[in-house]
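So that you can tell them apart, the chains are marked A, B, C and D in the order they are listed, and the count of residues begins at 1 in each.
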Amino acid sequence: MLNGEKLIRRPLRWGMVGGGRTGQVGYKHRTGALRDNTAYRLVCGAFDIDPARGKDFGVNIGVDADRCYADYKTLIAGEAKRADGVEVVTVATPNFTHYEITRACLEAGLHVICEKPLFFTVKECREIEELAARKGLVVGVTYGFTGHPLVHQMAAMVKKGILGDIRIVDLEYTHGFNSGDDVGASEAVKWRTNPKTAGPTFVLGDIGTHLYYLSEIVLPHLKIEKLLCDRNAFISTRAPLEDHATVLMHYDNGARGRLWVSSVDAGNMGSQRYRFVGSKASVSWSDAHPDQLIYEIQGEPPQILHHGMPYLEKESLACDRMGALHTEGLGDSWSNIYLWIAEAIDARNRGDEAFLKTHHYPGIAAGTEGVRWLENCVRSADAGSVWVDFQ
Amino acid sequence: MLNGEKLIRRPLRWGMVGGGRTGQVGYKHRTGALRDNTAYRLVCGAFDIDPARGKDFGVNIGVDADRCYADYKTLIAGEAKRADGVEVVTVATPNFTHYEITRACLEAGLHVICEKPLFFTVKECREIEELAARKGLVVGVTYGFTGHPLVHQMAAMVKKGILGDIRIVDLEYTHGFNSGDDVGASEAVKWRTNPKTAGPTFVLGDIGTHLYYLSEIVLPHLKIEKLLCDRNAFISTRAPLEDHATVLMHYDNGARGRLWVSSVDAGNMGSQRYRFVGSKASVSWSDAHPDQLIYEIQGEPPQILHHGMPYLEKESLACDRMGALHTEGLGDSWSNIYLWIAEAIDARNRGDEAFLKTHHYPGIAAGTEGVRWLENCVRSADAGSVWVDFQ
Amino acid sequence: MLNGEKLIRRPLRWGMVGGGRTGQVGYKHRTGALRDNTAYRLVCGAFDIDPARGKDFGVNIGVDADRCYADYKTLIAGEAKRADGVEVVTVATPNFTHYEITRACLEAGLHVICEKPLFFTVKECREIEELAARKGLVVGVTYGFTGHPLVHQMAAMVKKGILGDIRIVDLEYTHGFNSGDDVGASEAVKWRTNPKTAGPTFVLGDIGTHLYYLSEIVLPHLKIEKLLCDRNAFISTRAPLEDHATVLMHYDNGARGRLWVSSVDAGNMGSQRYRFVGSKASVSWSDAHPDQLIYEIQGEPPQILHHGMPYLEKESLACDRMGALHTEGLGDSWSNIYLWIAEAIDARNRGDEAFLKTHHYPGIAAGTEGVRWLENCVRSADAGSVWVDFQ
Amino acid sequence: MLNGEKLIRRPLRWGMVGGGRTGQVGYKHRTGALRDNTAYRLVCGAFDIDPARGKDFGVNIGVDADRCYADYKTLIAGEAKRADGVEVVTVATPNFTHYEITRACLEAGLHVICEKPLFFTVKECREIEELAARKGLVVGVTYGFTGHPLVHQMAAMVKKGILGDIRIVDLEYTHGFNSGDDVGASEAVKWRTNPKTAGPTFVLGDIGTHLYYLSEIVLPHLKIEKLLCDRNAFISTRAPLEDHATVLMHYDNGARGRLWVSSVDAGNMGSQRYRFVGSKASVSWSDAHPDQLIYEIQGEPPQILHHGMPYLEKESLACDRMGALHTEGLGDSWSNIYLWIAEAIDARNRGDEAFLKTHHYPGIAAGTEGVRWLENCVRSADAGSVWVDFQ
């Protein structure tokens, strides 16, 4: 179990671009990073597109006024002058800015933690991957749900062969918050439904990449051979982006997958639902009730595994924080993600290749894979929702 | 509410082909037909492929020994000689015999109630449809789940526009009882996995037609424009039939549907799950908890509608039997189905066209539609899981 | 599994007193008795306090008009004249008439099946017990919920010691249908809240006896040593009867029990909930989801046992009707209860003492025990909700 | 919603007594206090009964080595010498030390945050209450579950009269982790089952006080008139303390309450369950699924209220952190509790009586009330589980 004791030498000096008072996701980043004060220390930020509001906010969360910057460029420049300047920067801004901010930070020698979907194209991902490698820097991607302990229980069970051969992958992340039209919509909705600011997808990138990344955690040995994506916009002003999509996937071992994302699933408050079916048993998990894992063995009574219990695999217990009987929430999950990224950064800084070889965290490869998957989805959908080989 | 009081003039004289001691479905038919003794009276049967066992069984459930026949042909012949001969015959035999038994019964002037999937081809359906019409006889199809009161609550809510425009149809019927191979399998599994006895599909016909018919009940105004079926056999000896399939459907109003059937969903005991999503709200129902209907209004708290409660639509209350707080099971649902078919037969016998025009029951049209849907699925799947126009 | 094949020599000739068109419970009795036509045949009835309505109703459910009687006295007299007269009579009338009708039937040589709570006093019970024994007749009591297969799974698991020593018994049957006052209440509510017609209790007798009897089934080896009953009427016009009560019980093995009944538990649609806790594990069951039994082993993942599955105890599988994946409802449970009573009657008629010695059904002893428990509850409550030795 | 922006002038200088590496609850305190770095800053601690281990631990969580003390006395003395000395101390040690440490801190002019149950006797509580008042200091009590947003939704609904008159209070906190005997038990179990270190109760104080305090939050207008406590030790070595207890309560408005606590409820992982029933509707909540509140209106469909949704009362939305669709865990709840206590301390430091008059937090009065309730429970139980007037 984690109890806040330090796992790296000292807290990293951390800054944020975006994530200010009007955004919702910023607080999840801070909750994740600052949980124990042993992984990160928030030293600066360009929190808001409105610099005055950004400074007011930054001061309110404890940042020195003179380290609350107007934008990412001045942040990079300002911090570069300091002996105690920022070391790692989180990018929590609309999609279309991820690439340029990440690039600039890396070029300035800063590690980066970026929101998903990472960039617009795999080409951009490869460039950044190369740049980060050259600079010896880490790029983390905040797939915030995969820090839940029972996600890693699923992965460990699959790895041990407890489910048998994997046959069925069923992934859902649907809600109904965009069931109505976008007249009077929030800024968050506006930029997400505009290809210029969101990139080539809406719900596939916004929520589908969470499903896909989690499935990679659980099924690292499975590769998609071909997929078919059927996407559409029930609210026509969102086209060519989609507010609803189904993706069918054929894996290299013969398994069949289906992924459903929607923001017009009226009334659904059930968050994400994951089901992995093997030849012997299945596991199901949802972020709506993250403390329980449904484990169904064919011919036996289904079991409900509870987080933090000694019967779980060590990989799951290792990242438990609250202990059995007490709920772990999304904040706890983000704390794990940020911690794992911090460990990667520290190892990179120390040049500890051995550690990095086995250490798991959502890095640039995971971000790139998400964008690659999106490109395949769009290629299929735009060709008439046909099967395409996964490239 | 239903309380067993007669809704037709007198109980119909009823017989069964199949459904004997070794079958599982026979008891569901008898539970349905004989519930109140005011709709049917069991007078004869050819219950078993083993005539002696069939007679022993028939006598044990109260049928006169001399009306326990060796097969359907002798049943038809024997009963034809009696003044009080059978009027309606249930066909609860393997799929490949449905057509010939139904045809023979109709030609002998008997109404028929047949298991699903009705026949192998739409062509056969059309022939039987024509024959039944010519003879003035009813053919009922035992879609046994659609008698549940809350199914009709969903239909009434959709009809009143409570959900808004229908956008998403999500249908699942999966279990894992065929997760292992078929070595040593029961007769029931053997004939279902053999195209000669099962017809062109396994799980699509065996369980998928339940999903499809129920969706027709709830969405009578929606038509499929095109569909794509991706089917496969995880246990290779079942090929060319499938133990797993996903069907994507585009409806004429722009709605998107997905149907999942599987008999290798290891450990899943959740029965069927239905979700209908409109522009304003959604409803979800499962036979696993048939007494509750999840009604989710976007932006409001989800509600759990309970069967038998006065706030429900009259169509639902009309077919409730147990009353609120008390569970209705599958037997109650079958009782409703059989009752509605009895009312159709009685009306047909009386020549009451006005009644028949508005009376709802699973008849030959429903059975034909199921077979038509299967044909489209197979056509898509066999062409490489491609989109096909619904014909 | 049960499939309707006869378990007794021939169906018993059965009649009903009460249970007509305006009552709700009558249909549950008929559903139970007539399920398979191999245990009972309905031949007569005095269905209604309004004889004309009763006759109309009786004819509508298939009873000969001349065997639809005005009241129980004429029924007994009329049937006595027939060679094919009634053999067993169900009493489904308000509580205050149970004793006199049961007595009259027994004196006329008829078996009786009676609603709960059986009579007003243990003294009455003992008289009837003695009378039935002298006449060689059966008195069954319709504790309708205890026919569910998973109830008998719980009993079998306790018997095998799977739970360890029983420590905690937690029983609840609460609803909110009487949350408002009784102005304009139905007849059913009126007689239940009047001591003259209901007897010494309202909810304790009306729903609490179900809880208590089921606990006896599961824990036949435990005896109450003392109890404390705290009852009250939130709607004052119901006093001295109660619409809410809690009973604490100390068992002879040291176990502690608590039983909660209420008809003012506003909004609760959860039916009954049972929990039996042992030193090693617990089982929980509710009629709201009767197909699943929660089995919680300390230190292991909770399991959800599903009815009809081969891993269950033979006692549970023996009374399954629908099979796994398909819901058993309350009607199925009543069918079992009525069947077990029929077997007892047939055995009594045959003089088969060996069978009766091991055969389990809710008989006069169970009915008497329920009344005894009520007497102890009232004694405690009326003395100021104090502990009383169980007498 | 809360997003970490400061609500007090500057973070309080905070220290801990207890809560080191081997304790489980310490991390919950730190998670609560340090969540946003805008309410507390951890400056010192006497974390462990083993000073070396305590110092190692303190350094590991970022405390200066010279402010890691051997015990609370040296902490108080050491910090007193500093200009930037600690201002508020958390007491997370076994029960028997609460009183002396709290007293010493207060006498040294330090605010205190103490684990529950606060002290052994009401007399001690009154002394501390008087001392704190005289010194102008705050004593907070960590009832950590009551920070969940939906707890405050329940309170707001009751206050607005949405449930009608409160009639039934049903409170449960049971688990089975002490189902076996205590041979080889952890230190945490040992001191909790020994009256010298635990005080006059085991589960009543350890988990029952959580139930009782939460019920006070929801029902501030209800007072207990009399209660009856039935407690026992299924594992005899725990006597005279209890591992199982039921408390019946009569409130001054006529409502009836029942509270059940147990650590031998084998297999139960359901955490706490709360149900408040009014004349019109009920609400139910559990920490096991803290994001949903069941709201059951008599005669209408039950509703599931989801945290963070705009339809909730402002009191609930005010303390939401994660937003709808994303789970709030116990850590979020503790963060709220610690924040509210910080606001009280800041207001006390500023002498802001107006703020304190309306500000809600678990303070000394709540702690005292918990101990008072325990005293009444013990008095009842020790007199033979009889009714006692609440004193």
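Operating definition for what follows: a residue touches a chain if its C-beta (ideal position, glycine included) is under 8 Å from a C-beta of that chain, and two chains touch if they have at least 3 such contacts.
Predicted model only: the values in this text are computed from it and were never measured.
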item	value
Count of contact steps on the shortest path from chain B to chain C	1
Chain at maximum distance from chain D, centres defined as averaged CA atoms	B
Of A-C and C-D, pair with higher C-beta contact tally	C-D
CA centroid of chain A to CA centroid of chain D, Å	34
Centroid distance [mean C-alpha coordinates] between chain D and chain C, Å	44
Distance between chain centroids, defined by C-alpha means - chain A, chain C (Å)	56
Touching two or more other chains - residue numbers and ranges from chain A	269, 295, 299-300, 302, 304, 306
For the chain A and chain B complex, residues of the former touching the latter	163-164, 167-168, 170, 176-177, 179-180, 228, 230, 232, 234, 244, 246, 248, 254, 256, 258, 260, 262, 264-269, 277-282, 295-300, 302, 384-387
Chain D contact footprint on chain A (complex, rising order)	3-6, 11, 21, 24, 26-28, 30-31, 34-38, 42, 57, 60-62, 175, 269, 271, 287-291, 304, 306, 321-332
Interface residues, chain B side, partner chain D - complex	295, 299-306, 309-311
